[in-house]
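See the structures that follow.
One chain, chain A, links the two complexes that follow: it is found with chain B in the first and with chain C in the second.
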Partner chain A sequence: MANPLRLYLACIKNTLEAAMCLQNFPCQEVERHNKPEVELKTSPELLLNPVLICLNEAEKCLIETSINSLRISLKVKQADELENILTKKFLRFLSMRAEAFQVLRRKPVQGYDISFLITNYHCEEMQKQKLIDFIVQFMEDIEKEITELKISVNTRGKLVATEFLKQFM
Partner chain B sequence: MAGAAEFVEADNAEAIITRIETKSRKIESLLKQFKHVEALKTALEGSPPKTRDERCKSANWIVVHRAIMVIKDIDGMLNALDVEYYDILMKYLYRGLSTGDRPTCDQCLKIHEKLTERAGLGCILRCLTDTVNTV
Partner chain C sequence: MAYLERSSPTLKETLHKIYRAEKPIEIDQHFYEFGSIQYHIKCSTSDSNIVYVSTSTLLETQGTVTFKEILSHTYEVIKKIAVGVIDIVDPPRLGFQLTLKLHLDNIPRGKEAIKVITRISEIQALILSSQLKEMLKVMNFQDDSQAMNNNRPIRIVYHPSEPFYVFKQPEKLTAVFPMNFTDNSDMVIATSFFQEMEKAPRCNWSPIPPFQLRGEPVQDLTTSSGFVSFDITSRHIEGKSLDKTVWNLLNFYAYVKYHIKCSRGYIQRRMRKRMDSLVKLLINTSLDEEAHQKDGRWKYVKERVKVPTGKLMMKQRCKEITRRVKISKFRIKINGCARFRFNQ
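Let's turn to the complex of A and B:
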């Protein structure tokens, strides 16, 4: 049977390719303003149906599109308490440095771990295909990073405990 | 046309639900005869158009879900299904993916990949943009 994770990433990739059709659209309410419509949701005719893709009960991905912007929110798998804390800290670290990533959102959407906001300006400066590859690669790498962090925390804990308890031997 | 749509909502919600129930009985009998593709076609055909009533949509979703979960041979099913059903099937697949239930999501992901290969990105885009006929 085909790997469900691979199918999940393929589904997200296809949906993003279809959804990332953004164009410049100045704000309708206020003149000379240009805002990402997916964040404000002022006019329903500018918004497309949001799509929720779940791999299982723990991991999901919400893709909301509008005429000039696209928001992707991810919920990452967190098996136990330690992974929960590590994920939160690690993703907070990344979100704080959202300026460097350009497409990252400073705060994740309620109920999710991390969010991306892609606007038409990003699509003009960067290649659409590469943006999609970046998001999919990010999802693959997050898992590996969190597992590595968890292993290193456990190793350090073991070392510290061994050293500390040596004095009692 | 718009008048007809409201007419459907107010009076015929009950009628639609009864229609869906008869449809589900027909589908059960088709599934017993192992006619999976026929069952899926029947489930997708009577999709209530332009209804805002959540109960009709949920009732139809339960029926379509039943038909989708029994499918084992996805390529064969897509070969036999007509092109006009691709869009509606894609909408129901996204509804299935939003449930979060593991076996449903597994099945929907498998079908989604094959359906995208056949129908292309246009099918996905039609699901995203169609805010009027949602499932």
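Let's turn to the complex of A and C:
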């Protein structure tokens, strides 16, 4: 039986390949302005149906597309309190440095842990396939990093506790 | 007590400075350490071989065994730190519990001087340790039945916001530390640490206070990270183990805070490292890789707009001119300019 995580990531990848067909589209409301329509949502004819892909109740991905921009929001698994604070800390750390990532949104969409905003300009500067691979790799790396952090913190706590109790006993 | 090192670093440094000074120096310093310990050092140019060191700390215990002042036994131990060097001034300086008169000319020369000054700097650790040692010895020798009848725990406060309790149980003493943290992430890291500690024998963690602490002040029993308790048997109080046991109990809060601080630093370092790797991954998606490479190093995406210089600029200009000539509709054919014509 195929790994559900693999299937989940494959589904996201295929959806992004279909959704990432962006073109330049000036704003219809204001002259000489060019805004990502997925953020404004003022003209329904420019928006496509959002796609929600769920691995389980805790992990899901929302892909919202418009004519000139695409928003990807991720909810990451948080099994316990420690994973919860590690995820919050780490994703907030990345979001605050969104200018280094360009495609990252400073504030995640409500109900999600992290969000990306990809515009037609990003697609012109970056290779579409590699960008999609980056998003998928990002998701895998985040989960791997949080798991490793949790294990490291627990291991460290165990070692420190052992050292303290060695002196005590 | 918030330090893991026995000697006070500021006191040690100041005494070293006075001891090594070539000319007599005037010092009248007042400093605090870790919120509850205060020191005063006085040295005058008129009598440069005498230094007065005063110290004070929060020494509060409430319960069946009460100590509010320094024990006489402690004074004897202090004098033995460096015979001939330390004199205890009675009465101590106003606002302090202990004033010592140090005779610097009696300090032996060479490496011994460093050892003596280090031992003098451990004065606070000595005072607090000796008090707790006495307390543990008294409680340990209490009869079990006497202890059960009068089993009110002793509340020990060496730092205003960090009290801990010691009470007698059959064949052992138990030290209980109520743990409180203001930051949510500190609380979670500490809780996972205590859950690891709980696996050891004679150590217990509980989110609710032990029933022996019933009747104690509510602010002590309301905690964010539960209660850690250690069982102390007579084995821990006999001989040389007593010093180690007492030092570990006194420094438990400091140890936990230090561990949390190091864990947070470690998490921060890992996050930065992972962020760098993700950014490098994103740079690889760029169409124009030359714009991001300079002297073999990768630049961040925000610096992707690079102004070309020198030969590259000339090449680009020629390309631009050629393109413009090609698209302009020239009907005159000029020999030798075939490269500027379309369809040629």
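Note that in this section the second predicted complex is superposed on the first by the 167 of 169 C-alpha atoms of A that agree within 3 Å, B and C clash if a C-alpha of one lies under 4 Å from a C-alpha of the other, contacts with A are read in each partner's own complex, and residues count from 1 in each chain.
The working rule: contacts are C-beta pairs under 8 Å (C-beta built on N, C-alpha and C of every residue); 3 or more make two chains touch, one makes a residue touch a chain.
As the structure is a computational prediction, the values presented were derived from the model and not from experiment.
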> Between chain B (first) and chain C (second), which does A:Phe93 come into contact with in this model arrangement: first, second, both, or neither?
Replying inline: second
> Where does A:Asp141 make contact in the superposed view: on chain B (first), on chain C (second), on both, or on neither?
Replying inline: second
> Is it chain B or chain C that touches the larger share of residues in chain A?
Replying inline: C
> Is A:Thr65 touching the first partner chain B, the second partner chain C, both, or neither of them?
Replying inline: first
> After lining up the shared chain so the two structures overlap, which partner does A:Cys54 touch, if you call chain B first and chain C second: first, second, both or neither?
Replying inline: first
> Regarding the shared-chain residue A:Leu7, is it in contact with chain B (first), chain C (second), both, or neither?
Replying inline: first
>> Quick check on the superposed pair: does A:Val160 touch chain B, chain C, both, or neither? Answer first, second, both or neither.
In response: second
> Where on chain A do the contacts from chain B and from chain C line up?
Replying inline: none
> Given the complex with chain A, which residues does chain B contribute to the contact?
Replying inline: 94, 97-102, 105-106, 109-110, 112-113, 116, 121-122, 124-125, 127-131, 134
> What does chain A use to touch chain B in their complex?
Replying inline: 2, 4, 7-8, 10-11, 14-15, 17-19, 21, 44, 47-49, 51-57, 60, 65
>> Which stretch or stretches of chain C touch chain A in the complex?
In response: 184-185, 188-189, 191-193, 196-197, 199-200, 202-203, 230, 236, 244-245, 248, 252, 255, 259, 262-263, 266-267, 270-271, 274-275, 277-279, 281-282, 284-288, 300-302, 304
>> Give the list of chain A residues in touch with chain C in this complex.
In response: 81-82, 84-86, 89-90, 93-94, 97, 99-103, 124-127, 130-131, 133-134, 137-138, 141, 145, 148-149, 152-154, 156-158, 160-162, 164-165, 167-169
